[in-house]
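Structure provided below as structure tokens; questions to follow.
Chains: A, B, C, D, E, F and G, in written order; residue numbering restarts at 1 for each.
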Amino acid sequence: MLKPLADRVVLRVKEEEEKTVGGIVLTSAAQEKPRTAEVVAVGAGKRNEEGNLIPLEVKVGDTVIFSEYGGSKVKVEGEEFLITHESDLLAIL
Amino acid sequence: MLKPLADRVVLRVKEEEEKTVGGIVLTSAAQEKPRTAEVVAVGAGKRNEEGNLIPLEVKVGDTVIFSEYGGSKVKVEGEEFLITHESDLLAIL
Amino acid sequence: MLKPLADRVVLRVKEEEEKTVGGIVLTSAAQEKPRTAEVVAVGAGKRNEEGNLIPLEVKVGDTVIFSEYGGSKVKVEGEEFLITHESDLLAIL
Amino acid sequence: MLKPLADRVVLRVKEEEEKTVGGIVLTSAAQEKPRTAEVVAVGAGKRNEEGNLIPLEVKVGDTVIFSEYGGSKVKVEGEEFLITHESDLLAIL
Amino acid sequence: MLKPLADRVVLRVKEEEEKTVGGIVLTSAAQEKPRTAEVVAVGAGKRNEEGNLIPLEVKVGDTVIFSEYGGSKVKVEGEEFLITHESDLLAIL
Amino acid sequence: MLKPLADRVVLRVKEEEEKTVGGIVLTSAAQEKPRTAEVVAVGAGKRNEEGNLIPLEVKVGDTVIFSEYGGSKVKVEGEEFLITHESDLLAIL
Amino acid sequence: MLKPLADRVVLRVKEEEEKTVGGIVLTSAAQEKPRTAEVVAVGAGKRNEEGNLIPLEVKVGDTVIFSEYGGSKVKVEGEEFLITHESDLLAIL
């Protein structure tokens, strides 16, 4: 499986139905469309100025809302994933 | 309920009546329209350079004035919320 | 009353007469017009990199000169106030 | 062999077949095409603010996914390599 | 009198004669015209990252050369002053 | 001889033959053409935030690959040199 | 004489002859023309994040090569000087 680097995460993006789990519908004032996804892998974290590794806040299995602004799409064995930075994630559902 | 990440907050935005609670009417010199809202969830905070978590200044239940510049709108079970950074909040009413 | 967040202040802006208190007349080389105002509320301050809260330099009751560049206007019970960052304030009169 | 400086790595870029090792197919929302490559050399790392050398996360021999945005191509004895910063690498396969 | 905030100074700008005190004539390669002025008030200084106040280098009474790039003009009891940051000052005469 | 300041180096740039020492041929995805050169002088290094001098990674006599993006050309006794920052150097050959 | 502030230096710029002292002829890949000059005054230095004063690397009397990009020209008793930051200096001759 993919091991994301630094403060990145690998997301399994959920299809955009009107009613998603927990009844979330997303529109965005800032053009980019927020989406929901499942976290399938998390990076080891980013180093702060003193060189200490700062772990990520989200865990594997969390369902998150994220802004679809950046990120790279990757297909592994036919399934599509998105690799993005934790800072692009807005909230945990 | 939504758990905002890092220094973000979830706001229940109040309708824009001329007279709001406490008689607040907002206009903005810097184009973006300040609005009022209730804080319904707060993130765990942002890490400073030494890796320590810095808690947010606002609490759940506070009524705040915020500049409507950024943020992502989310509908949960039919009700609309705004997820934004604490730095977009101007004052507590 | 408004409680400004972080390093913001709430100002009661003084009308622009030719002769203001202390005989101040303001013109600005950098387009934005400096104005005078009374400080009616100050934030708790901003956190430095180590997470310590750094109090503001101005106090409630000070008369200040500020550049009218940024800030959000707010009307509370019919009276207009300006919420802006302390860094927009130039001097205490 | 090439010894990359600071936080750079030397990559042997893999040809872009539909099916790569581990079945990876890459497309990118952010225009630049993610690619896969083998890490053939790693730099000593970057110094943090305190002057300590922070080693890289990837090792020689890792297969990585990277965004083809930056980097310099170098031919050594007829074989092409890419020199780029670790921050351009997305994940380890 | 004006009390400048943070790392600002209040300057009494000298008229631009060909021959100024000490025979200084200023032209600037970078468009903005260097001028000379007397320092009439200095701020308490700026806080560094650890929160300590760093005093200014110039003193009241110094004659300085400064680049006329930024700053706000203020008239107090008919006399014009310039409020600017210490970083806009080039040298002490 | 030239003593470069801070984190700069002085390079004797090698002519661009198809086959250079070690068989290096350079092309660059990012427009600027990587070149090879010999390091003839190195600066004392840059100070980190704590004021400590951080020595450079390259040594006099190293052959390096560098991106020809910045730098200033200098002729000393008829021979041309390039003065550039260590951060413009990609790898040691 | 001029006392430059912070990390600035005062330079007596040398005329641009083909053959300068030590046979230096300067051309610049980055448009701005490198020049040579004598250092006639140095500032007390810049403060690092901890507030400590970091002395400059160059001394009065050094002959330096500098990029003519920024800086302000000043005439003192008929003689022209350039006030610029130490970071604009490339090397000591």
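We adopt the following convention: contacts are C-beta pairs under 8 Å (C-beta built on N, C-alpha and C of every residue); 3 or more make two chains touch, one makes a residue touch a chain.
All values reported here derive from a predicted model rather than from experimental measurement.
K.L.:
With a step meaning a move to a chain it touches, how many steps does the shortest path from subunit C to subunit D take?
P.N.:
Each step joins two touching chains, and the minimum needed here is 3.
K.L.:
Any idea how many Å lie between the Cα centroids of subunit B and subunit D?
P.N.:
One centre to the other, that is 40 Å.
K.L.:
With chain centres taken as the means of their Cα atoms, state the distance from subunit B to subunit C in Å.
P.N.:
22
K.L.:
Could you tell me which residues belong to subunit B and also touch two or more other chains?
P.N.:
49-50
K.L.:
If the ring is traversed from subunit E in the direction of subunit G, what sequence of chains comes out?
P.N.:
Here the ring, read from subunit E toward subunit G, comes out as E, G, F, D, A, B, C.
K.L.:
Once bound in the complex, which stretches of subunit B touch subunit C?
P.N.:
22-30, 34, 48-50, 52, 54, 57-58, 64-65, 67, 86-87, 89-93
K.L.:
Could you pull out which subunit C residues touch subunit B in their complex?
P.N.:
Its residues touching subunit B are 2-6, 8, 10, 41, 44, 47, 49-51, 68, 70-78, 82-83.
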